[in-house]
Every structure is written in structure tokens, then in C-alpha cells.
Amino acid sequence: QRLGFDEIIFGMSKTVDQIAKITDKYKQEKLDFICTGLDDRKIDILKKRYPEFEFIPKAGIMKNISSVPPKIKGKAAIITAGTSDAKVAHETGEILNCLGVNCEKFIDIGVAGIHRIFHFKKEIAESNVLIVIAGMEGALPTVIGGIFAQPVVAVPASVGYGVSAGGYSALLSMLSSCAGGITVVNIDNGFGAAMAAFRILKSGQVEK
Amino acid sequence: QRLGFDEIIFGMSKTVDQIAKITDKYKQEKLDFICTGLDDRKIDILKKRYPEFEFIPKAGIMKNISSVPPKIKGKAAIITAGTSDAKVAHETGEILNCLGVNCEKFIDIGVAGIHRIFHFKKEIAESNVLIVIAGMEGALPTVIGGIFAQPVVAVPASVGYGVSAGGYSALLSMLSSCAGGITVVNIDNGFGAAMAAFRILKSGQVEK
Amino acid sequence: QRLGFDEIIFGMSKTVDQIAKITDKYKQEKLDFICTGLDDRKIDILKKRYPEFEFIPKAGIMKNISSVPPKIKGKAAIITAGTSDAKVAHETGEILNCLGVNCEKFIDIGVAGIHRIFHFKKEIAESNVLIVIAGMEGALPTVIGGIFAQPVVAVPASVGYGVSAGGYSALLSMLSSCAGGITVVNIDNGFGAAMAAFRILKSGQVEK
Amino acid sequence: QRLGFDEIIFGMSKTVDQIAKITDKYKQEKLDFICTGLDDRKIDILKKRYPEFEFIPKAGIMKNISSVPPKIKGKAAIITAGTSDAKVAHETGEILNCLGVNCEKFIDIGVAGIHRIFHFKKEIAESNVLIVIAGMEGALPTVIGGIFAQPVVAVPASVGYGVSAGGYSALLSMLSSCAGGITVVNIDNGFGAAMAAFRILKSGQVEK
Amino acid sequence: QRLGFDEIIFGMSKTVDQIAKITDKYKQEKLDFICTGLDDRKIDILKKRYPEFEFIPKAGIMKNISSVPPKIKGKAAIITAGTSDAKVAHETGEILNCLGVNCEKFIDIGVAGIHRIFHFKKEIAESNVLIVIAGMEGALPTVIGGIFAQPVVAVPASVGYGVSAGGYSALLSMLSSCAGGITVVNIDNGFGAAMAAFRILKSGQVEK
Amino acid sequence: QRLGFDEIIFGMSKTVDQIAKITDKYKQEKLDFICTGLDDRKIDILKKRYPEFEFIPKAGIMKNISSVPPKIKGKAAIITAGTSDAKVAHETGEILNCLGVNCEKFIDIGVAGIHRIFHFKKEIAESNVLIVIAGMEGALPTVIGGIFAQPVVAVPASVGYGVSAGGYSALLSMLSSCAGGITVVNIDNGFGAAMAAFRILKSGQVEK
Amino acid sequence: QRLGFDEIIFGMSKTVDQIAKITDKYKQEKLDFICTGLDDRKIDILKKRYPEFEFIPKAGIMKNISSVPPKIKGKAAIITAGTSDAKVAHETGEILNCLGVNCEKFIDIGVAGIHRIFHFKKEIAESNVLIVIAGMEGALPTVIGGIFAQPVVAVPASVGYGVSAGGYSALLSMLSSCAGGITVVNIDNGFGAAMAAFRILKSGQVEK
Amino acid sequence: QRLGFDEIIFGMSKTVDQIAKITDKYKQEKLDFICTGLDDRKIDILKKRYPEFEFIPKAGIMKNISSVPPKIKGKAAIITAGTSDAKVAHETGEILNCLGVNCEKFIDIGVAGIHRIFHFKKEIAESNVLIVIAGMEGALPTVIGGIFAQPVVAVPASVGYGVSAGGYSALLSMLSSCAGGITVVNIDNGFGAAMAAFRILKSGQVEK
């Protein structure tokens, strides 16, 4: 399967040393790779060690991509409820890029101000798959799923405090959604949402 | 405090014998009372034993009210997301009646079909307090709270299956709501929501 | 949107009386409808009352469909880990039928006997979307997602006892999946999985 | 709706950079705003960057308010169980100020010393809405709700350790309260409690 | 250790057959015993089989006690918040009797009507250990512990619905209590509370 | 009630500033006080500010006690399962001292090496109340309660990792104990255990 | 792998119809099989339908075994804390029989009476693997593991009420055990424990 | 019992001071010991203080072993799903060494790439006990248990985020496994897994 990378490293649960060891190996083998889930401290250390690689701090990503991935037909929309969900949205966007998927972002159009959704109705309707990121009560995918007919991939975000802390409240909401056909990925899992969109768009291209 | 009843019995966690014992005492003391949380089996037995009392099975209530409560100024709206939440809505409505509070019901106008809310916008806007009952992902109070400026009392309903079962998903959603100023009562607690609305409307009448 | 039904009733959290009231209305309005989530007791009562409707007990469904839905291009595979997940698989299949989606079933090919998956590799590879139902440890979608490139909609099943009871163990597994791009719906939510597959297949047909 | 601010930023789940970006925009647009949920570290950085704004560290707030909000009729009481709940109380008080609501604070009058409540009985009785903040076993709202007839908005506080840690014990207590008509907001949600009080007091002013 | 019984059977998690098998053995060995945790169905069957034993349905108990236990100095108070907690209170009282402990009951003096506690202040103060049973928000032991200096054994009751269901809300409240020195037993564990009171009173009698 | 202190401050959930403000007040009013729940960082700061007070870092305590509390008859044993529970044991011991209660410590005699308990059998049997502290699976109180007849106050400790982390596993074990009459306090609540022992020993002294 | 059966059916999560369908197939194919997890109702129906098969109600098992399994060297001990765990112990014993494993049962020797374990010390020491079943606080495996050096397979039992209900308290205890090297299977999983013992004993026989 | 060490210290829940105090004692008594659960900070401090001891940072271990343990017959395989589980694998390996058990490691052969397991099939089949470490959805032990007949000891790893965080998702999966006879230890409990393997291999050597 030809993607924009040969390997993907999940950097969150690894020490900098573990990441460096794997990175060195891929570098030597001249493999394209992407490393996700990096916090600012890890990025600072890795930047010094690998000045030749690309770093996108707001997405928590380090990458070394030398070739352009084949373009996938269709388009994905990334929709977020607030500005606090930005990091997940940026991760999702970066991964979609590496997968050759076009995407457009609609940030901070959450449920409390429902008019903002209608404002972008036409643009959203033109996408083939909708990735909806929301923390707190996670109601946005339900509302989006009630208005639009496309596949909806919902991503619970871990922003929030009290019962919203950690994203469980949003996760349960999304799984309970009364708008039929919404699917859900793990909390903060921008990578998984991008991969799901990629699977969907690829599936739409094969002969049927 | 002059209410439409002197005593309230919570019938759900009591055996029929325990309820009958308390009922007999109130009957003898000629006290007005209301008993909530009754299932069909308990109502059948109690109906035979107390044909002189009033029974509202769809609300799970038995009552003996001889006097009319003083009318409270203002009006409450009872709004539900689906038809499955009806029992809670009926309990709420009955208690409001006994408390002397006028109310209007808006049933099955949940979030998946957001236009239904706009359809009743004017009527809802005329109420002074909004009681919003919803199960599953419990998003309705957030949407209502984003559109209307009145006090919102949210009631999570225990309808649903999987992660929605028991009403916890709706409860967490409502507590996490990004629409500021929504307050929440216990799952299925129509009685508590009615009492909260009563407290709010009474408070609005005192001199300030 | 032209589906195989005009209305859908969720029968699990409704009393037979509530279902009958809605059914009568749809019958009178000559609307095609489908009612899901019915147990054997409810089906027995409804069958007597509505002999003219179709009942599929193993799927928990009553329906009244007079017209053939437009055929959707592509095909869905329904894959289950055990024989205990059958009811969810049957519900999914029925809904897909009503939505005009072709589907094929692969029952009881769970992870403990991994060779069974390879046995059906070619047939599964021909589907455009894979619905994977599994209870207990819910590992099947991960294995499927590691072998096949199509969209995977994972459905946790509530079969099991001890820590598997209720389907939470399977749900968490599926959300945690290390096979990128798997999406998840609520426990036992065959209806939602069918709707998600429908959204995906429809999306593949629009111009991009 | 004319409030004491045009915009509100929730600072807890945002980086300082994200907050600064939004702040700059509001500053340039000459909008009044309030930013909540700030810890000491964030306040120190923001103070250096925006010496012209007002900071209330004990409430976790930065604000830029140029105009006086219209006065709301009525009064709110802020009642806390201990001194550890102070930050939530201060946030609540600040927001009420910005909303034009008069309030009085009754700090550290928790249930273990029940006489302290009776000591302030007359003052509390003069308020139109009671905001009650309590951590640990969260019993204070029940006791308050049993003595006073006004609307009670209960705020669980996250203070405590062991089973009290995070405020869940208090939250469940408050939702379970046997004193009818108590309503609850998210753990530590002083902002939400203030908004709820505002909704209630406004509602009391409209013609009915 | 000389108690009012030689053996105790926990009947809740046993089938009637298992109980009968153990009972037969004790009967044959002429041992005094007590069997707790029996529901009405089990009591009906056992009553027919063992007409010679004593049954206390409201306490869920069957017993065969031939000798009088030695009297323990001191007195225990059993205090309950509502009438729904009666079964636990009756079980506690029966066990205390069999242990030779005097006790007095104070039923339905919960926190929502705090005056009821003060009404019995003198009688309660005369007891040497206080067993306090409460469901829902479980606030009664905290209030009792704040007023009285004796040992307090708190018993969470499983009465209630929504978040109170099962007694977890009361359990957490009691463990979180801000009234120092309250101790807690398992939900509905009247037997354990009686044994704890027995241990305390016995301990008070030994030379120190 | 004459204790070894007039006031107690819970330092864990307060900032150093909040603690200092209360301390200053007590200092000025010449009140004896004890402050618990202090970590090393807080103790360092407070030590510099109040060199005249006594600090016990291993117990997390700062105190200012000028008078000797009246001696309580009887003796408490503090028993721990491991050396990791030491901090809770030291807190308990300090509070008992301030309450005028004699106590003896039996450290690291956990269940995995059951012979260690028998080694101290005689000494433990001489105490009038047993405080048993254990983390991980929390089995020690059950074993102690099965061997000794005195009141047992069990304290779950938060030591451990995986499912033992936070002390919940130990807490549930202790509440589930099959040794009748064990009572439990909050996780890490050495203060509460000491107060409970004090209540018990005092109760043993009053006329009965 | 030659076992005492060709197929195993998990009967708990299947309807009688589903079980019968599978049974008919195995019967026709002349396969030896065992069906576990059957309650009394299901056994009654199946007994009528298959009088030729063997039923062990106290173990919840139906089986059709025509050939004797090859004998495994070594012996397993089944140890239970109470009499309420009997069903799990019987299931375990039956499965071990079908696997060709000798076993001995030690029933009701729980932790509260620790002497009972020492009474059987010699017999237990002669077994090669110890299966320990316990509900409530689940402390027995820790004590057994501290005394004996053999492999310990711990089975949490779902008996109990309050926090013990469902077996979670016992499960957490066993996983937290401070006696090194104890392993755990799912709640009530007698089948799994027997299979684990079988794997262990077989492993001991192969050349190393 | 002759092991490679006389004493084992669990370093995670102890301060460096507590560890040093115990270490000093063992050093003076000339006891062989091993200390587990050490993070980098603790290792740095201890290394300076005890330059004569051996430190294995990647396993979190400090040890002082002067004598060679007797060799145990048989071999253990340590199998991990990813590279993030390395620390647990290293701890397990170190403990096995000290116990005199031979072991071989198979790192990063998780379920998403199932072919990697088949690649090592022959080597794994030669081991007598399989220790399988996996985080996230923890499916690896099920797959391993379905392919191999040896005893499987599953170790959930705490790596991951969202619902995988802390290892609960993997733990539940492993306990729910549909591959019969898999046993489980606490999250991250490499020590316990090594001890379990040791118990199993020892048991295989005794006469039966």
C-alpha cells in the first residue's frame, strides 16, 4: 500500500531515547516516516538532534517525508467545537496530507452557537467525509450527523475539567448519539480519524 | 409553605406493604399526599386497596389531593428529546400541577432533527423556566441553552442501551455542557426538576 | 433522502403501548417503517395485533415496507466472532436490506481460531466496507483491520460474563485498537453500524 | 443580551500562546472580555504581556472590562463548606460582578459545624438564589436546601483526597440529595453557577 | 467467644438447597445459628421446611437460638435517614439482640428535616455507639458525627435510583465525611455494623 | 471537648498562602493547632516562616501544641502491611498523641508472611482498638479481624500501581471483608482513624 | 490435541434454541462435546430434549463424552473460600475431569478462619497446581500463595452484595496480591482456570 | 526456597530515603537483594550512594547479587506487542535471570502485523511458558493462546492514551480472552509474571 510514509512511530509512550533509536534506524534505512504524539520538551530535544527533519509543534509531529503521496480523490472536512481542540485537528490535518488526502478545516463552530454550523453549510456539504472533533459534552457530531448525509468520524477531545476531564464525557456522548451512523475513534486520536477517512475515500475509488 | 400536598412518599424503594402503611396513616390523618415512583405492578395492587385515590400510571403516581394549591406566577416548559422519556415528563407535569405551576409540554423534539426546536421557538420563549429531559447523548439542553436565555433544568433519562444504559452518558453530557448556566438533577428525577422550577418561580415573585 | 423506510422506531426503551400508538399512526398515514430492539415478549404481543406486518424475531425487528429501496453500489461484509453475536448481525443485515445495501455474512470466525479468517480472505476482500461484531475481548476488528484496507466499523457485543458482561471490555479494546483507522459504534448497535456503512457507500458514489 | 463582557475565554485547556492570540484579537477589536481558569504560572506570563488588564489570581481570572453592566434585581448568596473551596467561590463572585449581580459570601460554614449555618440564617434568607460550593461529602447543599426555600445551585469542589479526590463524591451526593429541587453544575464550575444564578434572576424580572 | 449463636449463614448468595443443606447439618449438631440476607421467596420455602425455627421477614432472617447470650454493658442506637432503610435497620437490630446488645431505634430522621435529629438529641446522647443507616446522599452520619462524640458506624443503604442506585453515592459520602472519626461498613451491611458495635462495646468493658 | 489541640487545618488542598493566613490567625489568638497533609515542599516554606512551630515531615504535620492533653484510658495498636504505608502510620500516631491516646506500632507485618502476625500476637491482644493500614490487596484487616476480638479500624493506603494505584483495590477489599465487624475510613485517612480510635476509647470510659 | 471433548459450547450467552441447533449438529457428526454456563431453566428444557446426554446442574453443564481422555500426570487442587463459590468449583472440577486431570477439592477454608488452611496443609502441598476460588475480598489466593510454592490460579467469584457484588472487589484484590506470582482469570471463569491448570501440567511433562 | 536473592524491595512507592534505609540494612546483613520499580531520578541518586551495586535503568532495577541461583529446567519466552512495553519486558527478564530461569525475548510482534508471530513460531514453540506483554487493546495473548498450547501469563502494559491510558483496556481484554486458559497479572507487573513462570517451571520439575 503506497502511503506518504513507510513507517509511523507513536511518540507519546516512548522516551526520547527510544524514539531516537528507532529514528536512527529509519534514517539509515532511508525510510520515510512520521512520529506523532510529541510534547514540546521532546520536540526541543529531537530538533537539536535531527535538524534535517521537519517539526510541526502545534500538531505534535516530527517527520521525514521525501516523496509525494499519490493523490486520493475526494475531500475531508475537519470540524472542531472549540479552539482548545486545535492540537488534535492539526495532527489530523498533517496525517491526511501525508496520506494524500485534501482537507479543509472548520474551527470553533461548536453547538452552543448553532448558527456557526449553518454558516458553513455549503462548504461542509462539499466534503466526502466529515471528521468532527469535540470535547466537553461532545454534542457536535450529533448535530452535524443530523444535518449532513456523509460519513461522520467523531473524535472525543480530552480538553475540559471536572466530569469533562480526559474526554470520557464526550466519548460516551458520541457513542450514544441519536443521529444514526456516526462512528467514533479513541479520545484525541487524530491519527486514527485520518486513517479512517483515508480508508473511506480509498474504498470509494475502487470498482464496485 | 403552602403546597398542593402535605406529604410526599417516594414509592420506588418501598415495598407495597411499606407504602400502604404510610398511606393508611396519612389517610387517617386526612393529609393530602402524593406518592411517586410506582411501577405498574404496585399501582395495580394499590388501586384495589385504595379505589378512592387518583392514579396516573403513565406518571407512576398515586395521589390524594383535596385542595387546590395557590397559583404560582409564570410558566414552565417541559421539553423532551424522544418519546421514550415520556414517563419522566409525565411525573414532572403532575408534580408541577400539584405545586400550582402552569406548564406546557414539547415532546420528541430532539437534536437529531434540530428544525423541530425552531418550530416551537416562540412558545418556548414564553416560558419562565425550561425543564429539558433527554436520554442517550443528552445534547438537547445544550442546544436549548444556546438558543434561550431562561433558567434550564436538565434531566438525564435512563432510556437507552450499551453506553447510554442507565442515563450516565446523558448525565455527563449535561454537566459538561458548553452552554453556560445549565443546571442538572439526578437521572429520571422529574420530581426534583419540578421542585427546582417551583423554587425558581417562587423566587421570582418575592420582593427584591 | 430515499431510504427503504420513512420512519424508524427504537422499540427497546418503549412499552408495547407506546410502540402500538406510534405504529397505529404510521399505519394510518401509510408510511413505511421499521421497529428495532424488540424482545420475544413484545414481538408476540405485536404479532397478534398487527398480523399484516413482517416480523424477524432473530433480529428483534417488526417492519412494514411496501416499496423497494434504490440499490446502493458496493457491498458490505458482516463478520462476527462467535455464534452468540448473531442477533446483532441479523439486525445489521435487515437494516442494510432496507437501505438497499447488498451484504454477505461471515459468522463465528473469531480470533481464537485465526485460520478461519484466512479461509474467507478472498470473499471479504471483495466487500467495500467491513462491519465486525465481537464480544468478550473484542480483538477481531484489530485483526481484520490489520489484514484488509477497507473501512472497518466495529460493533462491541454485550455477550459474556464477569468483566466481559455488557460489552465494555470489547468496546475499550476496539477504541484502543493498534490497527489504524478502525471506527466504533455503541455496544450492540447493529442499526448504527448499518447506517454508517450506508453513509460510506453513498459517499463513494457521489462525484468527487 | 447586554452583559458585562462581550466574550469569555476558557483559559484552562489552552496554552498561553493560544490565550494570547485570542486576547490580541479582542484587544484590537476593543471588545470587553474575561478569561477564566488561569493558574499562577499563566497569570505571571500574561501579566507581563498585558500590564493594562486586570488580574485576580485568587479567582484565576484576567479581564478587560470597560463598561458597567446593567444592574440585575435581586441578590445571590455564595456559601462554601470550607476554606479550600475559596478559588471556586472567588471565580463565581467575579463572574457575578461582571454580570451585574449583587452577591454576598458565606465562607467555611460546612456541615460538621451545623450551628454556623443557623448563625447566618437571616442574611442567607434575604438572597434570591443560593450558590452552595462544597467538596468532600458535599452535604452542605442538602442541609441548606432543607432550611431555605430559594433556588439552590450546588457546585461540587474538587478538593479532597482518597475517594473525595476530584470532586466525584461531592457531585454524586448533590445529585442524590433528598432535599427536593437542588440543581447541580459541573465540578469546580463557578462560571456555570454564576450564569445559572444570572438566568434565574433575569427570569424573575420579566413580566409573567 | 460466647455469642448468641454458634454459626452464621449468609443466605443471599446461596440457593435454598445450599441453605437447607447447611441448616440440616446445624440442626443435627444442635448448634444455635442465624441465617441472614433472605428474600421473601426463600423465607416462604424455608418456613415450610423448618416450621420449628423463627423467621423475621422484615429483617430477612431465619434463626434457631436456644440460649440467652450474656448481656453486654452499654447501648447502641440505630438511626436511619428514611423509612426505605428499614430492612437494614431490622437486620442490625436482630443481630444486636443475638449478641446480647441493647439497642434503640430512631427511624426516618434524615438530613432534609434536620430538626428531627435535635428532637431526639437527649436519647441518642445516652447510647455508647451510634449506627447510622442512610441511602441517597448519605449525609446523616456526618451531621450525627458533628453533634455527638460517640463512635459512629455508618451503613450506606442501596435504596435510590439514578446515581443513588446501589448505594455507591452514600458510601462515597460517608468515606469522605468531614466529621472526623466516622467509620463505614459495606453497603446494606447491617450484620457488619452490629458486629462492629459489639466489638466496640466489648472493648469498653475490658480492663485498661 | 478537651483535646490536645483547639483547631485542625487540612493542609493538602490548601496553598501555602492559605495555610499561612489561617496559621497567622491561630498564632495571634494563641490557639493550639495541628496542620496535616503537608508535602516536603510546603514544609520547607512553612519551616522558614514559622521556626517556632514543630514539624514532623515523615507524618506530613506542622503543629503548635502548648498544653498536655488529658490521658485517655486504654491503648491503640497501629499495624501496617508494608513499609510504604509509613507516612499514614506516622500521621495516625501523631494525632493519637495529640488526643492523649497511647499507641504502639507494628510495621510491615503483611499477609504474604502470615507468621509475622502471630509473632506479635500477645502485644496486639493487649490493645483496646486496632488500626490496620494496608495498600495493594488490603487483606491484613481481614486476617487481623479473624484473630482478634477488638474493634478494627481499617485504613486503605494509596501505595501501589496498576489496579492497586490510589488505594481503591484495598478499600473495596476492606469493605468486602468476610471477618465480621471491621470498619473502614477513607484512603490514607490516618487522621480519621485516630479520631475513630479516640471516639471508641472515650466511649469505653463513660458510665454504662 | 487430544482432549476429553472435541468441542465446547459456551451456553450462557446463547438462547436454548441456539444451543439446540449447535448440539444437533454435534450429535449428528458424532462429536464429543461439553456445554457450560447453563442455568436451571435451560437445563430443564435441554434434559427433555436430549435425555441421552449427561447433565450436572450444580456445575451448569451438559455433556456428551464417549471416550476417556488420556491421563495427565500431576494433580490439581480446587480450593474455595466459602460454600457460595460451589458452582464455580464444580464447573472447574468437571472440566478438569474431561481434560484427564486428577483433582481434589478443599471447600470453605476462607481467610476469616485461617486455621482451616493449615489443617489441610499436607494435602494441598501434594498438588502441582492450586486453583483458588474466592468472592468478597478475595484474600484467600494471597494467603495460599504465601504458604505454598506451586502455581496459583486465582478465580474471583461473583458472590456478595454491595461493593462485593459481581466479583470486582475480589478481582482487584487478586490482581493486587502482594504474594508474588499469583495469576488471575475472569470472574467465575472455572472453565478458564481448568484450562490454565491443564496447560501448566502438560507443560511440565514435555521434554525441556 | 533457594532463589537468586534473599530479599526484594518494591521501590516505586517508597522515597529514596526509605529505600536507602532498607538497602543499608541488607548491605550490613550481607543479604543478596533486588530493588524494582525505580525511575531515572531515583536511580541517579542511588547510583551515587551505592556505586558498588548493579543498576539496570531500562528495567528500573538496582541489585546486589553475589551468588548464582540454581538453574531451573525449561525456558520462558517474553513476547511483547510493541517497543513501548520494553521496560516491563526488561524487568521480567532481569527477575527471571535472578530466579535461574532461561528466557528469550520476542519484541514488537503485535497483532496489527500478525505475520510477525508466525515468523517466530518455531522458536516460541520451544519455550515451556509464554509471558505476553501488551498495552492498548491487549489482543496479543489471545492470538498467542490460540496458536500455542503452553501456559500463557499475560501482562497488561500501561502504555497508551485515551481509553488505553493506564492499561485498563488491555487488562479487561486479557481477562475476557476467548482463548481458553490464559492467566493474567496486574498492569505492568513484570515481577509477578516472572514469579508465576518460576512457579510453573518449578512445579514441572517435582515428581508427580
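Note that the chains take the letters A, B, C, D, E, F, G and H in the order they are written out, and that residue 1 is the start of every chain.
Rule of thumb we're sticking to: a residue touches a chain if its C-beta (ideal position, glycine included) is under 8 Å from a C-beta of that chain, and two chains touch if they have at least 3 such contacts.
Because the structure is predicted, anything quoted here is derived from the model rather than measured.
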Point to revise | Minimum number of chain-to-chain contact steps, chain D to chain H | key: 2
Check your understanding: chain B to chain E: how many Å between their CA centres?
Key -> 35
Point to revise | Centre distance in Å when chain F and chain G are each reduced to the mean of their C-alpha atoms | key: 41
Exercise for review: Provide the C-alpha centroid distance between chain A and chain G, rounded to the nearest whole angstrom.
Suggested key: 46
Practice item. Check each residue of chain D and list the ones that touch at least two other chains. Key: 82, 160, 162-164, 171, 175-177, 180, 186-187
Revision key, fill the gap. Chain-chain contacts, ordered by label, are A-B, A-C, A-D, A-H, B-C, B-D, B-E, C-G, C-H, D-E, D-F, E-F, E-G, F-G, F-H, G-H
Review point. What residues on chain A touch chain B, complex-wise?
Key: 81-82, 110-114, 136-139, 142-143, 145-147, 160, 162-164, 168-170, 172-180
**Study point:** chain E contact footprint on chain G (complex, rising order)
**Key:** 82-84, 86, 135, 159-165
Revision key, fill the gap. Contacts from chain F onto chain D in the complex sit at residues 10, 12-14, 18, 22, 37, 156, 158, 166-167, 171, 186-189
Check your understanding: Contact residues on chain F for chain E in the complex?
Key -> 1, 8, 73-75, 128-129, 149-153, 171, 175-177, 180-187, 191-192, 194-196, 198-200, 202-206, 208
